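Shared between the two complexes below is chain A, which has chain B as its partner in the first and chain C in the second.
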Partner chain A sequence: MSKPIIATASLAGCFGCHMSILDIDDRILQLIELVEFNKSPIDDIKTFTKQCDIGIIEGGCCNSENVHVLKDFRKNCKILISLGECAIMGGLPAMRNGIPVKECIEEAYLDGPTVGENKERILPNDEELPIILDKVYPLHEIVKIDYYLPGCPPRADLIWKAVVALATGDELNIPYELVKFD
Partner chain B sequence: MKEKIISIIESYGRTSGRLMDILLSVQAEFRCVSEEAVSLIASELGVSEADVNQTKTFYHFFTTKPVGKYAVYMNNSVTSVMKGMYDVVDEFEKQAGIKFGQTTPDGLLSLNYTACIGMSDQEPAALINNVVFTELTRDKVRKIYSDMRDGKPVEAMFNEFGDGNNANQLVKTMVKNNIRRRGNVTLGEYEVGKGLTKALSMSSQEVIDEIKNSNLRGRGGAGFPTGLKWQFCSKETGDKYVMCNADEGEPGTFKDRVLLTERAHMIFEGMAVAGYAIGAKEGVLYLRHEYKYLKAFMESVLAELRNKNILGNNILGKGFNFDIRVQFGAGAYVCGEESALIESSEGKRGEPRNRPPFPVQRGYNAKPTVINNVETFCSVVKIIENGSAWYRGMGTEESAGTKLLSISGDCKMPGVYEIEWGMTIADMLQMVGAEDVQAVQVAGPSGICLPPSQFNRKIAIEDLPTGGSMIVIGANRDLIKDVVLNFMEFFEDESCGSCVTCRSFNMILRKQVKKVVDGRGIKSDLDNMLAWGEIMRKTSRCGLGQTASNPVSTTIKNFLDLYNARVKDAEYQSDFDMHKAIEESCEVVGRPANIHE
Partner chain C sequence: MSEKVKFTIDGKEYEGAKGQLLVDAAAENGVYIPVLCHWKDVIPAGSCRICTVKVNGRFVAACTTPVEDACVVENNTPELQDIRKAIVEMLFVEGNHFCPACEKSGDCDLQALGYRYQMMVPRFPYAFERRELDATSPKIFLEKNRCIFCKRCVRMIKNDKGQSYFAFKGRGKHLEISMDKKLAATMSDELAEKAMKVCPVGAILRKEVGFSTPIGQRKYDNVPIGSDIEKLHK
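Then we have the complex of A and B:
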């Protein structure tokens, strides 16, 4: 069998989950023996060049572009994984969900203490820009998700074990400490 | 404002333990408990504003902004909806020119919903300034609204009163008793003082033994053996309390309302018997705010009993001292849960406690406390009077005596029925004149939804235990939409929020049911609902969370076809609507809501 192909993306996340992927340390050498990477910030491939086996996504959807990327992943990947709290539940960005969008945008561009000069009170509305959604959505509310890897970020060992299990077809054996944090 | 509030605080002895009463009086006086009032109460009681706010924000009937001069609280329980609530709602909104949840700009009228107010046999019903209006229609609403415009006091808006004590000078309510069947215990013959006189001629332990031998089990729903509860409490030392649970919040039950109206003496007498048995000197009747119309009457009965020396000092010359006060709730179903009821009576949020310790060990004011339901105390009086053998002669082997049923919904004769335990549902349906029945909701939303194939089952603790709520659901009803969804909305509103699972899953389950009702559900949603309901049951602290998934789980089990007809056989279905999701932000920043995909 040829090597399984992996794609990854960070949507409304902090890239912490991707850092955790890199935290597998020297096992990254084994990883590239085991799998091939396609679209991903890790190898900087920007668009899908072929059908992939595993898509790993960090972050939820806070804007129209996130939704677009997510749907593209669903189309191009056989298995889709929500990686981390933001992807699974919306995470920190979803703290805005209880606040009206208008207030969020005004706080960010007009009234917030860190807003610099904006005398004309311009709000970003160029048609090229992604559009902010009414709230931050977890991935599974938009497309079907096959697996969830919890954590903020999920531990490197958990990501490693999950990817290896999927790539080799071996049974996944997760010690309690890898997914419980209390 | 300041003097008035201070005088209210004074009248309750300046103790934070009476915070509920203080807040209720302030709300009644000023139509709200404003932030200023909160500060003042906090500083006068020597507690923090957060302490006062904690309690204030927990209860439905405390508001920060003033309610209207006429505050309408429309009952939105299942039976109210069945009997035409939406017409009544529509007429109120039309007349007032506002929506539910709003107050008219001139402050004349506010419209709000509230959970079951204990009038399921005479719906649609509403509270207006704490006065009960039953069997509302569009015509009646028009008349009420015009009376409001004329500034009539609510009490003057009607002149026909219900039967029995409902017409008493101190009650004067339009509420009807609807007693359809009297048995030999709670609604049978009753002579004030006879039971207590006999109890006082026995030793405390003999009284407890008599109750134990009667096999009486709690009538509030959980069915705990009453004698055993008393025995546990009697073994504790020091000050003790007797509390009567008259919170009657389970949608569809109203039998305690009838006992409170017609058997007030008997309830208090039963509490005194309990006080004598366990060695308590004080009792508290926790009465739901929805029954505020009974306040003056209950207090007059207490005064009468003191006059007759059935309460007070040296009762009936036997050296026993016992007195009772009435504590009001302020609109919270969970306060019917015994430990939440204690918290509430202490002036706190009605959040259930962890157990152990149980109330019989550490209850009200951290003292050993016996809590029983209204009907339980009434039964006690007759058991003492006529003996445990007499009592055991009624009902079934495991469920002795009689039970009051509150029967409502699609039947000809809704009302209160005193039956012997052991009657089948089929016989019950015949008794109330119900035909073409799709289901019977036994024991309220937290109970089970029973299909016709199980109508041969028995109303008894060993088969179908119930606090008495029976809602008959006719064949023409949309069971999932009209009943299950309504129940889940109820639980979502009434969860106290302490446990993560009860707080979240009630909302999630309600959303899932809505998804199914809207035709967007898929098969796996049903499996998810069952699994999540099970998690909620296993991980919630009190009975509310432990049973709140029952409307969903018992209907998926018993009425699977109804669900299957509504869910798709798809692997996945998203509810996400991009156009809706971007509308608002495009408007805020000023760009067309176009999406190029």
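Then we have the complex of A and C:
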């Protein structure tokens, strides 16, 4: 059997979950024996070059581009995993949920205490920019998600165990200490 | 001495005092029934329903039901486990419980129940209701986003005249916990400490202290909630 193929992405996240993937330390050498990486910031492959088995996504959806990438992952991956609190419940970016987008943008670009000179009161309006969503969405509220790995970030051992279990088909036994929401 | 009664939980026989609340009788026998609103010897509120058990085939709250002679209690059945997990999930989506930013994380009863019931993601959609943070008291923060309406603070945090520092305001969807600003301005450190301790979540936090226990050594970092009770009779 050929190696399972993994793709990863960070949407509205801080890359902390990806750092936690790297926190498996020297097991990364075992990991590359076990799986192959496709589209991912880890190997810098920008677009899917083949159908993948496991998609791991950190961060929620805060703009139209996040939704686009997420749907692309759902199309190209057999299994999708929500990695971390932001993917699961919106996380820190979701603290804006409940505040109207207009207020958020005005605070960021016009009225906030750290705003520099903006005499023409310009809001970012280039058509290249993705549209900000009305709120930050957890991934499973947009596409079907198969598995969830909580944590901020999820413990490296949790990610390791989950990926190994998926790649080998072995049973997943998670000790109490590994599943934390912070 | 009060009269003794015999009852069973999940088929095992136990003994308790007549009229004692089921949740307390179970705890004394080393059986953990989860609680969020209950506090021993305080008038029960029965508001969170996490302690739901079946007594003689009927769903009841173990924190408001006195133990009766020969009653048959179901506690750790898959059905009840799932109901409790659903309640935890409902509380998580109803408020804004962003654990990584909460000082109570690791010591939070709601979070610990999420761990105990292995909640990976709530089955309900997030409400993302916006609630206020009341920082007017010199001693405490009242973070309404995290309140689960257990009413522990309302029932237990009072001054020597018996006046409550906290109260519920509004009804239904608009229900919120509020603080008497005048009273709270004079709150002592001891009472602030007690208020933070009785709050099962991170809704009441002391000012100018915090994050004193490192990650890995907090209350629920290594042992599930309820294991202290379960250890009693092993």
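Going forward, the second predicted complex is superposed on the first by the 179 of 182 C-alpha atoms of A that agree within 3 Å, B and C clash if a C-alpha of one lies under 4 Å from a C-alpha of the other, contacts with A are read in each partner's own complex, and residues count from 1 in each chain.
As a convention for this text, contacts are C-beta pairs under 8 Å (C-beta built on N, C-alpha and C of every residue); 3 or more make two chains touch, one makes a residue touch a chain.
This is a predicted model, so every value here is computed, not measured.
K.L.:
Overlaying the two complexes on chain A, which is it for chain B and chain C: clash or fit?
P.N.:
clash
K.L.:
Between chain B (first) and chain C (second), which, if any, makes contact with A:E120: first, second, both or neither?
P.N.:
neither
K.L.:
Look at A:E141 in the shared chain and tell me whether it touches chain B only, chain C only, both, or neither; answer first, second, both or neither.
P.N.:
both
K.L.:
Based on the superposed arrangement, let me know which partner A:V179 touches: chain B (first), chain C (second), both, or neither?
P.N.:
It touches chain C, and chain B stays clear.
K.L.:
In the overlaid three-chain picture, which partner chain does A:H68 touch, first (chain B) or second (chain C), both, or neither?
P.N.:
After superposing on A, A:H68 lies in contact with chain B but is clear of chain C.
K.L.:
Tell me which partner A:L133 touches in the superposition: chain B (first), chain C (second), both or neither.
P.N.:
first
K.L.:
Once the shared chain is lined up, is A:M89 touching chain B (first), chain C (second), both, or neither of them?
P.N.:
second
K.L.:
Taking 166-174, 202-210 or 220-228 from chain C, which overlaps chain B after aligning chain A?
P.N.:
Of the candidate stretches of chain C, chain B runs into 166-174.
K.L.:
Looking at chain A, which of its residues have contacts with both chain B and chain C?
P.N.:
Shared contact residues on chain A: 135, 141.
K.L.:
Where on chain A is chain C touching in the complex?
P.N.:
82, 85, 88-92, 94-95, 97-99, 135, 138, 140-141, 145, 147-150, 152, 176-177, 179-182
K.L.:
Quick one: which bits of chain B touch chain A in the complex? Just the residue numbers, please.
P.N.:
Chain B reaches chain A through residues 571-572, 574-576, 578, 580-586, 588-595, 597.
K.L.:
Give the list of chain C residues in touch with chain A in this complex.
P.N.:
On the chain C side, the touching residues are 92, 96, 98-102, 105-106, 111, 114-115, 118, 120-122, 125-126, 128-130, 215, 221-224.
K.L.:
Residue numbers of chain A touching chain B in their complex, please.
P.N.:
64, 67-68, 100-102, 105-106, 123-127, 131-135, 137, 141-144
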